Amino acid sequence: MIKVGIVGGTGYTGVELMRLLARHPGVRMEVITSRSEAGKPVAELFPNLRSIVDLDFTAPALDSYRDCDLVFFATPNTTAMSQAEELLASGIRVIDLAADFRIKHIPTWEHWYGATHACPALVEDAVYGLPELNRAAIRNARLVANPGCYPTAVILALLPLLKNGLIDAKSIIADCKSGASGAGRKASVDTAFCEVTESVRAYAVAGHRHLPEIREVLRTVDADAELVFTPHLMPMLRGIHATVYADASAPGDQVQALYENHYRDEPFVDVMPAGSHPETRSVRGANLCRIAVHYLEAVNKFVVLSVEDNLVKGAAGQAIQNMNLMFGLEETSGLEALGMTP
Amino acid sequence: MIKVGIVGGTGYTGVELMRLLARHPGVRMEVITSRSEAGKPVAELFPNLRSIVDLDFTAPALDSYRDCDLVFFATPNTTAMSQAEELLASGIRVIDLAADFRIKHIPTWEHWYGATHACPALVEDAVYGLPELNRAAIRNARLVANPGCYPTAVILALLPLLKNGLIDAKSIIADCKSGASGAGRKASVDTAFCEVTESVRAYAVAGHRHLPEIREVLRTVDADAELVFTPHLMPMLRGIHATVYADASAPGDQVQALYENHYRDEPFVDVMPAGSHPETRSVRGANLCRIAVHYLEAVNKFVVLSVEDNLVKGAAGQAIQNMNLMFGLEETSGLEALGMTP
Amino acid sequence: MIKVGIVGGTGYTGVELMRLLARHPGVRMEVITSRSEAGKPVAELFPNLRSIVDLDFTAPALDSYRDCDLVFFATPNTTAMSQAEELLASGIRVIDLAADFRIKHIPTWEHWYGATHACPALVEDAVYGLPELNRAAIRNARLVANPGCYPTAVILALLPLLKNGLIDAKSIIADCKSGASGAGRKASVDTAFCEVTESVRAYAVAGHRHLPEIREVLRTVDADAELVFTPHLMPMLRGIHATVYADASAPGDQVQALYENHYRDEPFVDVMPAGSHPETRSVRGANLCRIAVHYLEAVNKFVVLSVEDNLVKGAAGQAIQNMNLMFGLEETSGLEALGMTP
Amino acid sequence: MIKVGIVGGTGYTGVELMRLLARHPGVRMEVITSRSEAGKPVAELFPNLRSIVDLDFTAPALDSYRDCDLVFFATPNTTAMSQAEELLASGIRVIDLAADFRIKHIPTWEHWYGATHACPALVEDAVYGLPELNRAAIRNARLVANPGCYPTAVILALLPLLKNGLIDAKSIIADCKSGASGAGRKASVDTAFCEVTESVRAYAVAGHRHLPEIREVLRTVDADAELVFTPHLMPMLRGIHATVYADASAPGDQVQALYENHYRDEPFVDVMPAGSHPETRSVRGANLCRIAVHYLEAVNKFVVLSVEDNLVKGAAGQAIQNMNLMFGLEETSGLEALGMTP
């Protein structure tokens, strides 16, 4: 039994982690911390966990995690970077679901996150937790930076094209649509039901924090990679749909087979048949990225469609996938649930 | 041209008032106040008003309203009661869209609203602004208490039964369903999109502030009136659906004709044909309460279904209807829009 | 391994059965039939099952089920009654998720379903599959009538009150709210997105097929039971919220303890703390009915709130619970998933 | 008073036309036809029109329109082309809200619509009814082809860039998101609530009928224009959001002023301030296209965001705008309603 702690269990990635871990056969949750809710039963805040998760929130303190093998940070950005070092020093491994360790280039991180990084040395050690790219390194990692929700969908959509040199790496446009849970659980007018439902809007067209993350990862594959990234807010709970465009630099007629081969052995990437249009609901609640690739001969472009549940393959599910790898468990353990349709 | 001011124009009843008043042929908006947004163009907060409403929010001050004939309070409860007196003294008429003047019995009001009433004397003068009940008095009112959204739907559903003595007035159950805009525009986890969508729940089963309001008004018709009132939150923007049950105390076979006659001359109440089930969307954006009455012979009960747009006939539209009556305008002026379906 | 067949796997209860059975450790799906989709891969119709459910739809024929231990009917009403007899004669057990065997009184069934019953003799044998009421009989049943979605929520809400004689059994009002998946998967204007979203309406106020089902079951507990049942359509996918009212005939102050005791050992009924308001989303995807009971002293009435996922505890999940009982499996097997919030 | 007829009044563009025309001061609706609903009161099908629109549906026949000055076709594609000629010959003007007269190049039309065009000669005469492009011609038109919903949003987004030669006309990508009402009112599993809500998907990536329409119109401005057009279905009723990308071929720093100047006198195009992100809800129910233009210097691309209500500026409202122009009425007559937010 792996003993885990969760720092900051009051957000949507926190409750999703708990929902999944509660049924993981190889894990026991030891401690869930929250500064604001300390003393309250977890199941009072999240009635879906009633009678299954019996823990109370406790105030965060290093000592809280002393019995843990692993600590997940489901906190706002800049929390994990100030606590990870001590945990690692105590032999506790760490998965950060926030952005503190995702970007290797510190000045870039500091520019986009508006803060001084508290432990740049650890950033070097951290492994970017996308198993489809870094599986071997994750197995040996002490510290994993769990990828952002948009980056997961966009990078998985592009890897086969980019690794095989089929596109002009400077021509990428990623037009992304996300459900509202991506914005987190918080008191804010902008995320109120009446502000979000029955409407669609783009945001951060001039620049979003996931842009440098995607770019840096893509450049580990092709140093020329550059992209436009436009996130849009959709009136739904869960789901990201990435529509990714790129100019073909080689004939596109074999692209379907290329994708199928590339992801043949991946348990959590599903390449759909040629001509398909994946729906976000087909992966609701599932740890899965579903992809369809189209080649438009008339304009010589590829259009790749990829969908995921932003809280699962885009956050908590991927974190558990990383945990499974780090601790030598079956990679799919605890992640077998199918997408819930309808 | 009637010159009007709006106090507290940053909520959903405020923006709805502005949307409707902007196209009212007999009204000019002079001033919109907001403590928090003073100095900002109204259309920056509410882009739907861009290029039509050119005012900036101004800080509230008595002097702000000196050119107004009428001031609407679209404020939280307990604001109007401390400002109405001065305005009235200056000859400015007042319509309060909040609850400060709705309940005549001061101890009841103070119990439910948890505050000491600042001007009980004015409560006596205030007219409860339900035109279908108090049209004559509204015409002569200086101060109108605009009804609550739930009370409008429930009272209009019951008036014909109660006035004609067809029910046991103690047996009323009002099971009500409301869209989320009834909770107002605010930063709160409870009203976040991800907390409201794809879910239904009751609230305040033990007692809601609209219960004493409904009861007091019903008792002006039948002194024995008593009811259970259960509000539910629906995953939608606009609309209230009241399902009202009462034991029949007289044969129910003429009830359809009774309703049709009772509301024959009302411009904003529509009695549907026998056997109908009104939809909230049929009145979306319209100043209209649509009613269907059913008599269940097997159990000798009436079931009355009534729908309204909580922001229009349940708030801003009814306030304008009251304004039209108070200033001798055509009662329907500015309120001609049809329900928007789909 | 129990080998199961599903008749009519193209609706929402069908796909939900497959989603749950695919991960059930003691079950193998042998055959999924559909007249209209015969020959098509199941996963082509339901991409959420891709790579997990490898079956094709086959045309229904008695022979199709020869290797099955159990057949689920996820068909429209009146299908199971003409096929169950032969299956049972072959030693195959049957769970009907439609209504053919729910009502014992044949003339009542024939009145509400507008058809002549094809095998009244079997109705007598069939067990009404509500484990919380009929667990022992279900264990020995060859034929189970899986309860309707509304009846499950309403009956579970009322059992403790009715069994303990705390209410006037003739005074029951069940005001129910359902998500749109209850209407099934079909081509119809009435269930189109644009007709359902952003609106609420009652339907079948004069009488709905679930009324006689609820009444008959309640009368097995209290012969006087009578009720008003009003279903409403909500703009959401999954979830039923029953708000049940009844006149108290005994003091209500011990009712919380009564409910807690009554359901103490039930794995799939959760009694919330006094004063609670359950949300449908708290049971999304879970085989669970969550209940809160309120006593309103001023009017001497009980108000019971109960929520379920209509496709799980209200259909496919309960069918699997029944299967587990019939075949001596752990009752909770395959049904451990927690509610998905958000 | 202009006397108008509507052919095919049972769809969403039909009911929206009626909703708007019912309050148009210069129009009287004479006849609404429907083959399937002949004899039924219009308000029975669309309760939002109750007590305002008193007409019954009548079976379509040329004679039905003899008193009309103008006939709107709110029919499926290929209906108007077989009836327009006779109407025009009788001196009745025609606005087709379907696609029969939108594309000048007949083989292209026949390819995409899978039919032989019934009156190619009329296509030549027809004016593409985008007032911001063809206002003068519309004033004199007998036959107007009302633009598609997507084309309106995309073309208005691009006109200033294209007319001023600021972009590589071959580099256009239009990633579009539409509410479900764009798919029309019909009995279909694909458009069912449970298939559309809480999900996002692309469709017709390989080619959509609005692609040749957009391309042909853009080529009247720049003969080199070519584009990728990807429509996506959003879980909402109304609204289109176009996100349009193009490579800059000239410096982009003056683009804000360019857009503001270009649309300065347009009553139904609103250019937002630099850096804005328009929301579809800001134009809900309004005849308005709201646009924001962004220049991304790092990649030298323009990103233009444009929103409209697909049933208003994208269909019925634009048709009325065209009618106003054709009959010399004030262009804004009957189209003054503001966007409904929330």
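Order of writing sets the chain letters: A, B, C and D. Residues in each chain are counted from 1.
The rule we apply is simple: contacts are C-beta pairs under 8 Å (C-beta built on N, C-alpha and C of every residue); 3 or more make two chains touch, one makes a residue touch a chain.
Just so it is clear, the model here is predicted, and its values are computed rather than measured.
J.: Where the contacts of subunit A and subunit B overlap, which chains show up?
T.: Touching subunit A as well as subunit B, we find C, D.
J.: Would you mind checking which chain's C-alpha centre is most distant from the centre of subunit A?
T.: Computed centres place B farthest from subunit A.
J.: Can you check whether subunit C and subunit D touch via the same residue numbers (shared by over half) or via different ones?
T.: same
J.: Could you grab the centroid distance between subunit B and subunit C? Build each centroid from C-alpha atoms only and quote it in angstrom.
T.: Once rounded, the distance between the two centres reads 39 Å.
J.: When the C-alpha atoms of subunit C and subunit D are each averaged to a single point, how far apart are the two points in Å?
T.: 45
J.: Measuring from the mean C-alpha position of subunit A to the mean C-alpha position of subunit C, what distance in angstrom results?
T.: Roughly 36 Å separates the two chain centres.
J.: Where in subunit D do residues touch two or more of the other chains?
T.: 12, 181, 185, 194-195, 197-198, 235-238, 278-279, 281, 284, 342
J.: Which positions of subunit C touch subunit A when the two form their complex?
T.: It is residues 12, 15, 19, 22-23, 46-52, 181, 185, 198, 237-238, 270, 272, 278-279, 281-286, 290, 311, 336-342 of subunit C that touch subunit A.
J.: Which stretch or stretches of subunit B touch subunit C in the complex?
T.: 173, 175, 177, 179, 194-195, 197-203, 205-206, 226-228, 230, 232, 234-239, 241, 243, 245, 275, 277-281, 284, 294, 296, 298-299, 301, 303, 305, 307, 342
J.: Sort out for me which residues of subunit B touch subunit A in the complex.
T.: 12, 180-181, 185-189, 191-198, 235-237
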